[in-house]
(Lines give C-alpha, C1' and ligand atoms only; values in the text may rest on other atoms or scores of the structure.)
Protein backbone atom coordinates (compact mmCIF):
# COMPACT_ATOMS: atom_id res chain seq x y z
CA UNK A 1 0.00 0.00 0.00
CA UNK A 2 1.32 3.46 -0.89
CA UNK A 3 2.27 6.13 1.61
CA UNK A 4 -0.63 8.38 0.64
CA UNK A 5 -3.19 5.58 0.90
CA UNK A 6 -1.87 4.75 4.40
CA UNK A 7 -2.20 8.43 5.32
CA UNK A 8 -5.79 8.54 4.08
CA UNK A 9 -6.76 5.44 6.08
CA UNK A 10 -5.04 6.76 9.21
CA UNK A 11 -6.80 10.13 8.94
CA UNK A 12 -10.27 8.65 8.36
CA UNK A 13 -9.75 6.10 11.16
CA UNK A 14 -8.62 8.80 13.59
CA UNK A 15 -11.60 10.99 12.68
CA UNK A 16 -14.04 8.11 13.15
CA UNK A 17 -12.64 7.26 16.61
CA UNK A 18 -12.67 10.83 17.94
CA UNK A 19 -15.36 12.41 20.02
CA UNK A 20 -14.38 15.81 18.63
CA UNK A 21 -14.04 15.74 14.81
CA UNK A 22 -17.42 14.16 13.98
CA UNK A 23 -19.09 16.38 16.56
CA UNK A 24 -17.51 19.52 15.04
CA UNK A 25 -18.42 18.40 11.52
CA UNK A 26 -14.80 18.00 10.41
CA UNK A 27 -14.36 16.60 6.91
CA UNK A 28 -11.11 15.38 5.40
CA UNK A 29 -10.40 16.94 2.00
CA UNK A 30 -7.02 15.32 1.45
CA UNK A 31 -4.40 13.36 3.37
CA UNK A 32 -0.92 12.27 2.34
CA UNK A 33 2.45 11.50 3.85
CA UNK A 34 3.11 14.31 6.35
CA UNK A 35 0.09 16.20 5.05
CA UNK A 36 -3.59 16.78 5.79
CA UNK A 37 -6.23 19.26 4.65
CA UNK A 38 -9.55 19.38 6.48
CA UNK A 39 -12.69 21.52 6.53
CA UNK A 40 -15.21 22.67 9.12
CA UNK A 41 -18.18 25.06 9.03
CA UNK A 42 -18.25 27.50 11.92
CA UNK A 43 -21.35 27.08 14.11
CA UNK A 44 -22.92 29.31 16.74
CA UNK A 45 -21.56 27.10 19.55
CA UNK A 46 -18.04 27.85 18.26
CA UNK A 47 -18.30 31.64 18.65
CA UNK A 48 -16.98 33.92 21.37
CA UNK A 49 -18.79 36.87 22.90
CA UNK A 50 -18.01 39.11 19.90
CA UNK A 51 -19.88 36.72 17.59
CA UNK A 52 -16.70 35.55 15.83
CA UNK A 53 -14.79 32.25 15.95
CA UNK A 54 -13.46 31.43 19.41
CA UNK A 55 -9.67 31.13 19.32
CA UNK A 56 -10.01 27.73 20.94
CA UNK A 57 -12.00 26.43 17.98
CA UNK A 58 -9.49 27.80 15.44
CA UNK A 59 -6.75 26.08 17.40
CA UNK A 60 -8.81 22.87 17.67
CA UNK A 61 -9.29 22.75 13.90
CA UNK A 62 -5.58 23.34 13.22
CA UNK A 63 -4.61 20.81 15.89
CA UNK A 64 -6.86 18.20 14.24
CA UNK A 65 -5.14 18.64 10.86
CA UNK A 66 -1.77 18.50 12.64
CA UNK A 67 -2.76 15.20 14.32
CA UNK A 68 -3.66 13.57 11.00
CA UNK A 69 -0.43 14.80 9.37
CA UNK A 70 1.93 13.71 12.16
CA UNK A 71 0.33 10.25 12.40
CA UNK A 72 0.20 9.84 8.62
CA UNK A 73 2.88 7.11 8.47
CA UNK A 74 0.76 4.96 10.81
CA UNK A 75 3.16 5.53 13.71
CA UNK A 76 1.52 6.89 16.85
CA UNK A 77 2.48 10.52 17.49
CA UNK A 78 1.16 12.97 20.04
CA UNK A 79 1.24 16.73 20.29
CA UNK A 80 3.93 17.95 22.69
CA UNK A 81 3.45 21.66 22.07
CA UNK A 82 1.80 24.06 19.66
CA UNK A 83 1.72 27.79 18.97
CA UNK A 84 -0.87 29.80 17.06
CA UNK A 85 -1.02 33.36 15.69
CA UNK A 86 -4.50 34.80 15.18
CA UNK A 87 -4.72 36.93 12.03
CA UNK A 88 -8.35 37.63 11.27
CA UNK A 89 -11.89 37.00 12.51
CA UNK A 90 -14.02 34.17 11.09
CA UNK A 91 -17.81 34.36 11.14
CA UNK A 92 -20.72 32.01 11.74
CA UNK A 93 -21.43 29.84 8.74
CA UNK A 94 -18.00 30.41 7.23
CA UNK A 95 -16.17 27.33 5.93
CA UNK A 96 -12.67 27.08 7.36
CA UNK A 97 -9.88 25.04 5.78
CA UNK A 98 -6.87 23.87 7.80
CA UNK A 99 -3.89 22.61 5.84
CA UNK A 100 -1.01 20.89 7.66
CA UNK A 101 2.44 20.48 6.11
CA UNK A 102 5.47 18.73 7.58
CA UNK A 103 8.40 21.10 8.13
CA UNK A 104 10.98 18.71 9.61
CA UNK A 105 11.32 15.32 11.28
CA UNK A 106 14.28 14.40 13.49
CA UNK A 107 14.35 11.25 15.59
CA UNK A 108 11.06 11.06 17.50
CA UNK A 109 10.22 14.72 16.94
CA UNK A 110 8.34 16.41 14.11
CA UNK A 111 7.31 19.98 13.32
CA UNK A 112 4.25 20.90 11.24
CA UNK A 113 2.94 24.23 9.94
CA UNK A 114 -0.84 24.55 9.69
CA UNK A 115 -2.59 27.40 7.84
CA UNK A 116 -6.22 28.13 8.67
CA UNK A 117 -7.99 29.97 5.89
CA UNK A 118 -11.54 31.20 5.43
CA UNK A 119 -13.55 32.16 2.40
CA UNK A 120 -11.60 33.36 -0.66
CA UNK A 121 -8.46 32.00 0.98
CA UNK A 122 -8.43 34.74 3.65
CA UNK A 123 -5.68 34.09 6.25
CA UNK A 124 -7.33 33.40 9.64
CA UNK A 125 -4.56 31.79 11.72
CA UNK A 126 -1.11 30.21 11.43
CA UNK A 127 -0.22 27.31 13.73
CA UNK A 128 3.03 25.44 14.39
CA UNK A 129 2.80 22.01 16.04
CA UNK A 130 5.55 19.93 17.63
CA UNK A 131 4.88 16.18 17.78
CA UNK A 132 6.67 13.32 19.49
CA UNK A 133 6.42 9.70 18.45
CA UNK A 134 5.27 7.10 20.98
CA UNK A 135 5.95 4.26 18.52
CA UNK A 136 3.40 1.58 17.68
CA UNK A 137 0.77 1.80 14.96
CA UNK A 138 -2.34 3.98 14.89
CA UNK A 139 -4.18 1.23 12.97
CA UNK A 140 -3.23 -2.41 13.57
CA UNK A 141 -1.97 -3.91 10.30
CA UNK A 142 -4.84 -6.38 9.94
CA UNK A 143 -7.23 -3.46 9.95
CA UNK A 144 -5.61 -1.59 7.09
CA UNK A 145 -7.67 -2.21 3.98
CA UNK A 146 -5.48 -3.32 1.09
CA UNK A 147 -6.31 -1.42 -2.02
CA UNK A 148 -5.48 -3.73 -4.91
CA UNK A 149 -5.33 -0.84 -7.33
CA UNK A 150 -2.77 1.01 -5.26
CA UNK B 1 -16.62 49.74 42.06
CA UNK B 2 -13.43 47.85 42.87
CA UNK B 3 -11.08 46.29 40.33
CA UNK B 4 -11.97 42.75 41.35
CA UNK B 5 -15.72 43.38 41.15
CA UNK B 6 -15.24 44.83 37.64
CA UNK B 7 -13.27 41.72 36.70
CA UNK B 8 -16.02 39.44 38.00
CA UNK B 9 -18.70 41.29 36.04
CA UNK B 10 -16.61 41.26 32.87
CA UNK B 11 -15.93 37.53 33.15
CA UNK B 12 -19.55 36.59 33.81
CA UNK B 13 -20.77 38.90 31.02
CA UNK B 14 -18.28 37.44 28.54
CA UNK B 15 -19.26 33.89 29.50
CA UNK B 16 -22.96 34.67 29.10
CA UNK B 17 -22.42 36.18 25.62
CA UNK B 18 -20.29 33.33 24.27
CA UNK B 19 -21.49 30.40 22.23
CA UNK B 20 -18.61 28.32 23.59
CA UNK B 21 -18.31 28.61 27.38
CA UNK B 22 -21.94 27.82 28.28
CA UNK B 23 -21.94 24.99 25.73
CA UNK B 24 -18.75 23.52 27.20
CA UNK B 25 -20.10 23.87 30.75
CA UNK B 26 -17.45 26.41 31.79
CA UNK B 27 -17.91 27.80 35.30
CA UNK B 28 -16.05 30.77 36.75
CA UNK B 29 -14.47 29.99 40.11
CA UNK B 30 -12.78 33.34 40.61
CA UNK B 31 -11.96 36.49 38.66
CA UNK B 32 -9.85 39.49 39.63
CA UNK B 33 -7.69 42.15 38.07
CA UNK B 34 -5.49 40.32 35.55
CA UNK B 35 -6.69 36.99 36.89
CA UNK B 36 -9.27 34.26 36.21
CA UNK B 37 -9.81 30.70 37.40
CA UNK B 38 -12.39 28.56 35.61
CA UNK B 39 -13.56 24.95 35.61
CA UNK B 40 -14.90 22.47 33.06
CA UNK B 41 -15.78 18.76 33.20
CA UNK B 42 -14.39 16.76 30.30
CA UNK B 43 -17.14 15.19 28.17
CA UNK B 44 -17.06 12.45 25.53
CA UNK B 45 -17.39 15.01 22.72
CA UNK B 46 -14.12 16.57 23.95
CA UNK B 47 -12.01 13.41 23.53
CA UNK B 48 -9.61 12.42 20.78
CA UNK B 49 -9.27 8.96 19.25
CA UNK B 50 -7.23 7.68 22.23
CA UNK B 51 -10.14 8.44 24.57
CA UNK B 52 -8.31 11.32 26.28
CA UNK B 53 -8.82 15.10 26.16
CA UNK B 54 -8.35 16.55 22.68
CA UNK B 55 -5.52 19.10 22.70
CA UNK B 56 -7.89 21.57 21.11
CA UNK B 57 -10.22 21.41 24.12
CA UNK B 58 -7.35 21.88 26.59
CA UNK B 59 -6.27 24.92 24.59
CA UNK B 60 -9.88 26.18 24.38
CA UNK B 61 -10.25 26.01 28.16
CA UNK B 62 -6.95 27.82 28.76
CA UNK B 63 -7.79 30.39 26.09
CA UNK B 64 -11.13 31.10 27.80
CA UNK B 65 -9.43 31.81 31.15
CA UNK B 66 -6.89 33.98 29.31
CA UNK B 67 -9.73 35.98 27.67
CA UNK B 68 -11.38 36.72 31.01
CA UNK B 69 -8.03 37.74 32.57
CA UNK B 70 -6.89 40.03 29.75
CA UNK B 71 -10.28 41.78 29.57
CA UNK B 72 -10.57 42.06 33.36
CA UNK B 73 -10.11 45.85 33.46
CA UNK B 74 -13.15 46.25 31.18
CA UNK B 75 -10.95 47.23 28.24
CA UNK B 76 -11.48 45.14 25.12
CA UNK B 77 -8.50 42.85 24.44
CA UNK B 78 -8.10 40.10 21.89
CA UNK B 79 -5.73 37.17 21.62
CA UNK B 80 -2.91 37.85 19.16
CA UNK B 81 -1.00 34.61 19.77
CA UNK B 82 -0.79 31.72 22.20
CA UNK B 83 1.45 28.74 22.86
CA UNK B 84 0.66 25.56 24.81
CA UNK B 85 2.75 22.66 26.17
CA UNK B 86 0.88 19.39 26.73
CA UNK B 87 2.08 17.60 29.87
CA UNK B 88 -0.36 14.81 30.70
CA UNK B 89 -3.56 13.14 29.53
CA UNK B 90 -6.95 14.08 30.99
CA UNK B 91 -9.83 11.60 31.02
CA UNK B 92 -13.58 11.68 30.48
CA UNK B 93 -15.42 12.97 33.53
CA UNK B 94 -12.33 14.65 34.96
CA UNK B 95 -12.74 18.20 36.25
CA UNK B 96 -10.17 20.55 34.74
CA UNK B 97 -9.17 23.88 36.28
CA UNK B 98 -7.55 26.64 34.21
CA UNK B 99 -5.92 29.47 36.13
CA UNK B 100 -4.74 32.58 34.26
CA UNK B 101 -2.24 35.03 35.76
CA UNK B 102 -0.94 38.25 34.25
CA UNK B 103 2.82 38.17 33.61
CA UNK B 104 3.36 41.62 32.11
CA UNK B 105 1.53 44.50 30.46
CA UNK B 106 3.26 47.04 28.20
CA UNK B 107 1.35 49.56 26.10
CA UNK B 108 -1.42 47.67 24.27
CA UNK B 109 0.18 44.27 24.82
CA UNK B 110 -0.20 41.81 27.69
CA UNK B 111 1.18 38.35 28.46
CA UNK B 112 -0.64 35.77 30.58
CA UNK B 113 0.39 32.34 31.88
CA UNK B 114 -2.41 29.79 32.21
CA UNK B 115 -2.01 26.47 34.07
CA UNK B 116 -4.45 23.67 33.30
CA UNK B 117 -4.67 21.14 36.12
CA UNK B 118 -6.71 17.97 36.63
CA UNK B 119 -7.66 16.01 39.69
CA UNK B 120 -5.32 16.28 42.69
CA UNK B 121 -3.70 19.28 41.00
CA UNK B 122 -2.04 17.12 38.32
CA UNK B 123 -0.32 19.29 35.66
CA UNK B 124 -2.12 18.82 32.31
CA UNK B 125 -0.95 21.77 30.20
CA UNK B 126 0.81 25.13 30.42
CA UNK B 127 -0.30 27.96 28.14
CA UNK B 128 1.12 31.41 27.42
CA UNK B 129 -1.18 33.98 25.82
CA UNK B 130 -0.32 37.30 24.18
CA UNK B 131 -3.14 39.85 24.07
CA UNK B 132 -3.52 43.18 22.35
CA UNK B 133 -5.91 45.91 23.40
CA UNK B 134 -8.47 47.25 20.93
CA UNK B 135 -9.61 49.92 23.40
CA UNK B 136 -13.26 50.48 24.26
CA UNK B 137 -15.15 48.73 27.05
CA UNK B 138 -16.28 45.09 27.16
CA UNK B 139 -19.37 46.16 29.13
CA UNK B 140 -20.85 49.62 28.53
CA UNK B 141 -20.68 51.60 31.77
CA UNK B 142 -24.45 51.79 32.25
CA UNK B 143 -24.57 48.01 32.25
CA UNK B 144 -22.09 47.55 35.06
CA UNK B 145 -24.04 46.79 38.21
CA UNK B 146 -22.94 48.99 41.07
CA UNK B 147 -22.38 46.99 44.20
CA UNK B 148 -23.05 49.34 47.08
CA UNK B 149 -21.13 47.14 49.47
CA UNK B 150 -18.02 47.16 47.34
CA UNK C 1 13.16 48.15 -9.25
CA UNK C 2 11.86 44.61 -8.86
CA UNK C 3 10.54 43.12 -5.63
CA UNK C 4 13.48 40.75 -5.26
CA UNK C 5 16.06 43.48 -5.84
CA UNK C 6 14.34 45.60 -3.15
CA UNK C 7 14.46 42.61 -0.81
CA UNK C 8 18.18 42.11 -1.46
CA UNK C 9 18.98 45.76 -0.77
CA UNK C 10 16.88 45.76 2.40
CA UNK C 11 18.57 42.61 3.71
CA UNK C 12 22.10 43.82 3.00
CA UNK C 13 21.34 47.26 4.47
CA UNK C 14 19.86 45.74 7.62
CA UNK C 15 22.87 43.44 8.02
CA UNK C 16 25.31 46.33 7.58
CA UNK C 17 23.51 48.44 10.21
CA UNK C 18 23.31 45.70 12.87
CA UNK C 19 25.70 45.14 15.70
CA UNK C 20 24.82 41.45 15.67
CA UNK C 21 24.93 39.99 12.14
CA UNK C 22 28.42 41.20 11.15
CA UNK C 23 29.72 40.22 14.58
CA UNK C 24 28.25 36.71 14.26
CA UNK C 25 29.60 36.36 10.72
CA UNK C 26 26.13 36.18 9.14
CA UNK C 27 26.15 36.05 5.34
CA UNK C 28 23.13 36.50 3.09
CA UNK C 29 22.79 33.69 0.54
CA UNK C 30 19.54 34.86 -0.98
CA UNK C 31 16.77 37.38 -0.35
CA UNK C 32 13.46 37.87 -2.13
CA UNK C 33 9.95 39.09 -1.46
CA UNK C 34 8.93 37.49 1.85
CA UNK C 35 12.04 35.34 1.78
CA UNK C 36 15.60 35.18 3.12
CA UNK C 37 18.28 32.52 3.37
CA UNK C 38 21.35 33.23 5.50
CA UNK C 39 24.41 31.36 6.77
CA UNK C 40 26.59 31.40 9.88
CA UNK C 41 29.49 29.24 11.09
CA UNK C 42 29.16 28.15 14.70
CA UNK C 43 31.99 29.51 16.88
CA UNK C 44 33.18 28.55 20.36
CA UNK C 45 31.56 31.66 21.88
CA UNK C 46 28.19 30.37 20.59
CA UNK C 47 28.30 27.06 22.49
CA UNK C 48 26.61 26.03 25.72
CA UNK C 49 28.17 23.98 28.51
CA UNK C 50 27.69 20.71 26.58
CA UNK C 51 29.87 22.05 23.75
CA UNK C 52 26.96 22.33 21.32
CA UNK C 53 25.12 25.34 19.87
CA UNK C 54 23.43 27.46 22.52
CA UNK C 55 19.68 27.59 21.88
CA UNK C 56 19.89 31.36 22.03
CA UNK C 57 22.25 31.43 19.06
CA UNK C 58 20.04 29.10 17.01
CA UNK C 59 17.12 31.40 17.77
CA UNK C 60 19.22 34.48 16.97
CA UNK C 61 20.14 33.10 13.55
CA UNK C 62 16.52 32.20 12.74
CA UNK C 63 15.32 35.56 14.03
CA UNK C 64 17.80 37.35 11.75
CA UNK C 65 16.48 35.54 8.66
CA UNK C 66 12.94 36.31 9.82
CA UNK C 67 13.80 40.02 10.14
CA UNK C 68 15.13 40.20 6.59
CA UNK C 69 12.08 38.34 5.21
CA UNK C 70 9.44 40.39 7.04
CA UNK C 71 11.09 43.71 6.06
CA UNK C 72 11.67 42.58 2.46
CA UNK C 73 9.09 44.95 0.94
CA UNK C 74 10.97 47.92 2.44
CA UNK C 75 8.23 48.48 5.04
CA UNK C 76 9.45 48.53 8.63
CA UNK C 77 8.32 45.44 10.54
CA UNK C 78 9.29 44.26 13.99
CA UNK C 79 9.08 40.90 15.71
CA UNK C 80 6.10 40.69 18.06
CA UNK C 81 6.56 37.05 19.03
CA UNK C 82 8.42 33.92 18.00
CA UNK C 83 8.47 30.24 18.88
CA UNK C 84 11.24 27.69 18.25
CA UNK C 85 11.46 23.88 18.45
CA UNK C 86 14.95 22.45 18.97
CA UNK C 87 15.47 19.24 16.98
CA UNK C 88 19.17 18.38 17.01
CA UNK C 89 22.53 19.55 18.29
CA UNK C 90 24.88 21.61 16.13
CA UNK C 91 28.64 21.55 16.68
CA UNK C 92 31.51 24.01 16.64
CA UNK C 93 32.64 24.81 13.12
CA UNK C 94 29.39 23.62 11.58
CA UNK C 95 27.80 25.86 8.95
CA UNK C 96 24.17 26.60 9.73
CA UNK C 97 21.63 27.76 7.16
CA UNK C 98 18.44 29.58 8.18
CA UNK C 99 15.73 29.86 5.53
CA UNK C 100 12.71 32.09 6.17
CA UNK C 101 9.48 31.77 4.18
CA UNK C 102 6.34 33.88 4.46
CA UNK C 103 3.31 31.85 5.57
CA UNK C 104 0.64 34.56 5.66
CA UNK C 105 0.18 38.33 5.77
CA UNK C 106 -3.00 40.00 7.06
CA UNK C 107 -3.25 43.72 7.71
CA UNK C 108 -0.19 44.73 9.75
CA UNK C 109 0.62 41.18 10.81
CA UNK C 110 2.77 38.53 9.14
CA UNK C 111 3.80 34.98 9.96
CA UNK C 112 7.06 33.39 8.80
CA UNK C 113 8.43 29.86 9.12
CA UNK C 114 12.21 29.56 9.44
CA UNK C 115 14.09 26.26 9.12
CA UNK C 116 17.58 26.00 10.59
CA UNK C 117 19.63 23.24 9.00
CA UNK C 118 23.18 22.00 9.50
CA UNK C 119 25.50 19.97 7.36
CA UNK C 120 23.90 17.62 4.84
CA UNK C 121 20.60 19.43 5.42
CA UNK C 122 20.19 17.99 8.94
CA UNK C 123 17.19 19.56 10.72
CA UNK C 124 18.44 21.59 13.72
CA UNK C 125 15.49 23.83 14.64
CA UNK C 126 12.14 25.08 13.34
CA UNK C 127 11.05 28.63 14.14
CA UNK C 128 7.79 30.52 13.64
CA UNK C 129 7.90 34.32 13.78
CA UNK C 130 5.04 36.80 14.06
CA UNK C 131 5.78 40.31 12.78
CA UNK C 132 3.89 43.57 12.98
CA UNK C 133 4.32 46.47 10.63
CA UNK C 134 5.23 49.90 12.00
CA UNK C 135 4.92 51.50 8.56
CA UNK C 136 7.62 53.67 7.05
CA UNK C 137 10.54 52.46 4.95
CA UNK C 138 13.59 50.52 6.13
CA UNK C 139 15.69 52.32 3.51
CA UNK C 140 14.76 55.87 2.49
CA UNK C 141 13.90 55.91 -1.22
CA UNK C 142 16.85 58.08 -2.21
CA UNK C 143 19.17 55.48 -0.77
CA UNK C 144 17.85 52.59 -2.81
CA UNK C 145 20.26 51.95 -5.65
CA UNK C 146 18.45 51.75 -8.97
CA UNK C 147 19.60 48.77 -10.94
CA UNK C 148 19.13 49.70 -14.58
CA UNK C 149 19.27 46.08 -15.62
CA UNK C 150 16.51 45.06 -13.28
CA UNK D 1 23.40 19.80 50.77
CA UNK D 2 20.20 21.81 50.42
CA UNK D 3 18.21 22.16 47.21
CA UNK D 4 19.07 25.83 46.81
CA UNK D 5 22.80 25.25 47.34
CA UNK D 6 22.70 22.52 44.66
CA UNK D 7 20.92 24.94 42.34
CA UNK D 8 23.57 27.62 42.93
CA UNK D 9 26.42 25.21 42.21
CA UNK D 10 24.71 23.91 39.07
CA UNK D 11 24.09 27.43 37.75
CA UNK D 12 27.63 28.64 38.39
CA UNK D 13 29.12 25.43 36.93
CA UNK D 14 26.97 25.73 33.80
CA UNK D 15 27.93 29.38 33.36
CA UNK D 16 31.63 28.60 33.75
CA UNK D 17 31.47 25.80 31.14
CA UNK D 18 29.59 27.83 28.50
CA UNK D 19 31.08 29.71 25.62
CA UNK D 20 28.12 32.09 25.69
CA UNK D 21 27.36 33.34 29.22
CA UNK D 22 30.89 34.53 30.15
CA UNK D 23 31.24 36.08 26.71
CA UNK D 24 27.94 37.95 27.06
CA UNK D 25 28.86 39.09 30.58
CA UNK D 26 26.02 37.12 32.23
CA UNK D 27 26.05 37.24 36.04
CA UNK D 28 23.95 35.05 38.32
CA UNK D 29 22.01 37.08 40.88
CA UNK D 30 20.18 34.17 42.48
CA UNK D 31 19.52 30.48 41.87
CA UNK D 32 17.24 28.07 43.71
CA UNK D 33 15.21 24.95 43.09
CA UNK D 34 13.37 25.57 39.79
CA UNK D 35 14.51 29.19 39.82
CA UNK D 36 17.20 31.49 38.43
CA UNK D 37 17.68 35.23 38.13
CA UNK D 38 20.50 36.55 35.96
CA UNK D 39 21.76 39.88 34.65
CA UNK D 40 23.45 41.16 31.51
CA UNK D 41 24.42 44.64 30.26
CA UNK D 42 23.42 45.26 26.66
CA UNK D 43 26.43 45.91 24.42
CA UNK D 44 26.75 47.37 20.93
CA UNK D 45 27.34 43.92 19.43
CA UNK D 46 23.90 42.88 20.78
CA UNK D 47 21.95 45.56 18.90
CA UNK D 48 19.92 45.32 15.70
CA UNK D 49 19.83 47.87 12.90
CA UNK D 50 17.49 50.17 14.85
CA UNK D 51 20.07 50.49 17.63
CA UNK D 52 17.99 48.49 20.13
CA UNK D 53 18.42 45.01 21.59
CA UNK D 54 18.31 42.27 18.93
CA UNK D 55 15.44 39.86 19.65
CA UNK D 56 17.94 37.02 19.46
CA UNK D 57 19.89 38.44 22.41
CA UNK D 58 16.74 38.94 24.50
CA UNK D 59 15.83 35.33 23.77
CA UNK D 60 19.40 34.18 24.52
CA UNK D 61 19.34 35.85 27.93
CA UNK D 62 15.93 34.35 28.81
CA UNK D 63 17.03 30.95 27.52
CA UNK D 64 20.11 31.07 29.75
CA UNK D 65 18.02 31.71 32.87
CA UNK D 66 15.66 28.92 31.77
CA UNK D 67 18.62 26.51 31.40
CA UNK D 68 19.84 27.20 34.94
CA UNK D 69 16.32 26.81 36.38
CA UNK D 70 15.46 23.56 34.58
CA UNK D 71 18.81 21.97 35.52
CA UNK D 72 18.63 23.22 39.11
CA UNK D 73 18.08 19.78 40.68
CA UNK D 74 21.36 18.59 39.12
CA UNK D 75 19.50 16.44 36.58
CA UNK D 76 20.43 17.13 32.97
CA UNK D 77 17.62 18.87 31.07
CA UNK D 78 17.59 20.37 27.62
CA UNK D 79 15.34 22.89 25.91
CA UNK D 80 12.82 21.23 23.61
CA UNK D 81 10.93 24.38 22.65
CA UNK D 82 10.51 28.00 23.68
CA UNK D 83 8.29 30.94 22.82
CA UNK D 84 8.91 34.64 23.41
CA UNK D 85 6.75 37.78 23.25
CA UNK D 86 8.62 41.05 22.66
CA UNK D 87 7.11 43.93 24.65
CA UNK D 88 9.49 46.86 24.57
CA UNK D 89 12.84 48.00 23.23
CA UNK D 90 16.01 47.83 25.33
CA UNK D 91 18.92 50.16 24.71
CA UNK D 92 22.71 49.97 24.70
CA UNK D 93 24.14 50.04 28.19
CA UNK D 94 20.85 49.02 29.81
CA UNK D 95 21.04 46.29 32.45
CA UNK D 96 18.60 43.47 31.71
CA UNK D 97 17.36 41.02 34.33
CA UNK D 98 15.92 37.62 33.36
CA UNK D 99 14.01 35.75 36.05
CA UNK D 100 12.98 32.13 35.45
CA UNK D 101 10.26 30.42 37.50
CA UNK D 102 9.07 26.83 37.25
CA UNK D 103 5.42 26.58 36.22
CA UNK D 104 4.96 22.79 36.16
CA UNK D 105 6.91 19.52 36.03
CA UNK D 106 5.38 16.25 34.78
CA UNK D 107 7.48 13.16 34.13
CA UNK D 108 10.47 14.21 32.02
CA UNK D 109 8.90 17.51 30.98
CA UNK D 110 9.03 20.92 32.62
CA UNK D 111 7.66 24.37 31.79
CA UNK D 112 9.26 27.64 32.91
CA UNK D 113 8.18 31.27 32.59
CA UNK D 114 10.97 33.82 32.19
CA UNK D 115 10.45 37.58 32.51
CA UNK D 116 13.01 39.91 30.98
CA UNK D 117 12.97 43.36 32.55
CA UNK D 118 15.01 46.49 31.99
CA UNK D 119 15.64 49.54 34.09
CA UNK D 120 12.95 50.45 36.65
CA UNK D 121 11.47 47.00 36.13
CA UNK D 122 10.19 47.85 32.64
CA UNK D 123 8.75 44.75 30.89
CA UNK D 124 10.94 43.90 27.86
CA UNK D 125 9.96 40.31 26.97
CA UNK D 126 8.11 37.28 28.33
CA UNK D 127 9.41 33.80 27.52
CA UNK D 128 7.99 30.31 28.07
CA UNK D 129 10.42 27.38 27.92
CA UNK D 130 9.66 23.66 27.66
CA UNK D 131 12.42 21.35 28.92
CA UNK D 132 12.90 17.61 28.72
CA UNK D 133 15.09 15.61 31.06
CA UNK D 134 17.89 13.44 29.65
CA UNK D 135 18.67 12.01 33.10
CA UNK D 136 22.18 11.95 34.53
CA UNK D 137 23.77 14.71 36.59
CA UNK D 138 24.96 18.12 35.36
CA UNK D 139 27.77 18.01 37.93
CA UNK D 140 29.24 14.64 38.95
CA UNK D 141 28.66 14.10 42.67
CA UNK D 142 32.35 14.21 43.58
CA UNK D 143 32.53 17.69 42.12
CA UNK D 144 29.76 19.16 44.22
CA UNK D 145 31.30 21.13 47.03
CA UNK D 146 29.79 20.17 50.37
CA UNK D 147 28.91 23.20 52.38
CA UNK D 148 29.11 22.14 56.03
CA UNK D 149 27.04 25.09 57.11
CA UNK D 150 24.20 24.26 54.77
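A, B, C and D label the chains in the order they appear, each numbered from 1.
The criterion applied here is as follows: a contact is a pair of C-beta atoms (placed from the backbone, for glycine too) under 8 Å apart; a residue touches a chain by one contact, two chains touch by 3 or more.
The structure presented is a predicted model; accordingly, all values stated were derived computationally and were not measured.
Asker: For subunit A, which other chain has the most distant CA centre?
Answerer: D
Asker: Is the C-beta contact count larger for B-C or for B-D?
Answerer: Between the chain pairs B-C and B-D, B-D carries more contacts.
Asker: Could you give the separation in Å between the centres of subunit C and subunit D, each centre being the mean of its C-alpha atoms?
Answerer: 24
Asker: What's the distance between the Cα centroids of subunit B and subunit C, rounded to whole Å?
Answerer: That pair's centroid distance is 35 Å.
Asker: Which whole number of Å gives the spacing of the CA centres of subunit B and subunit D?
Answerer: That gives a centre separation of 29 Å.
Asker: Give the residues of subunit D that touch two or more other chains, as numbers and ranges in rising order.
Answerer: If we look for residues of subunit D contacting two or more partner chains, we find 80-81, 83, 85, 109, 130.
Asker: Show which residues of subunit B lie in contact with subunit A when the two form their complex.
Answerer: 13-20, 23, 43-49, 54-57, 59-61, 63-64, 67, 78-86
Asker: Can you tell me which positions in subunit B touch subunit D when the two form their complex?
Answerer: 81, 83, 85, 87-88, 103-107, 109, 111, 113, 115, 122-123, 126, 128, 130
Asker: For subunit B, which residues are in contact with subunit C within the complex?
Answerer: Touch residues, subunit B against subunit C: 80-81, 83, 109, 130.
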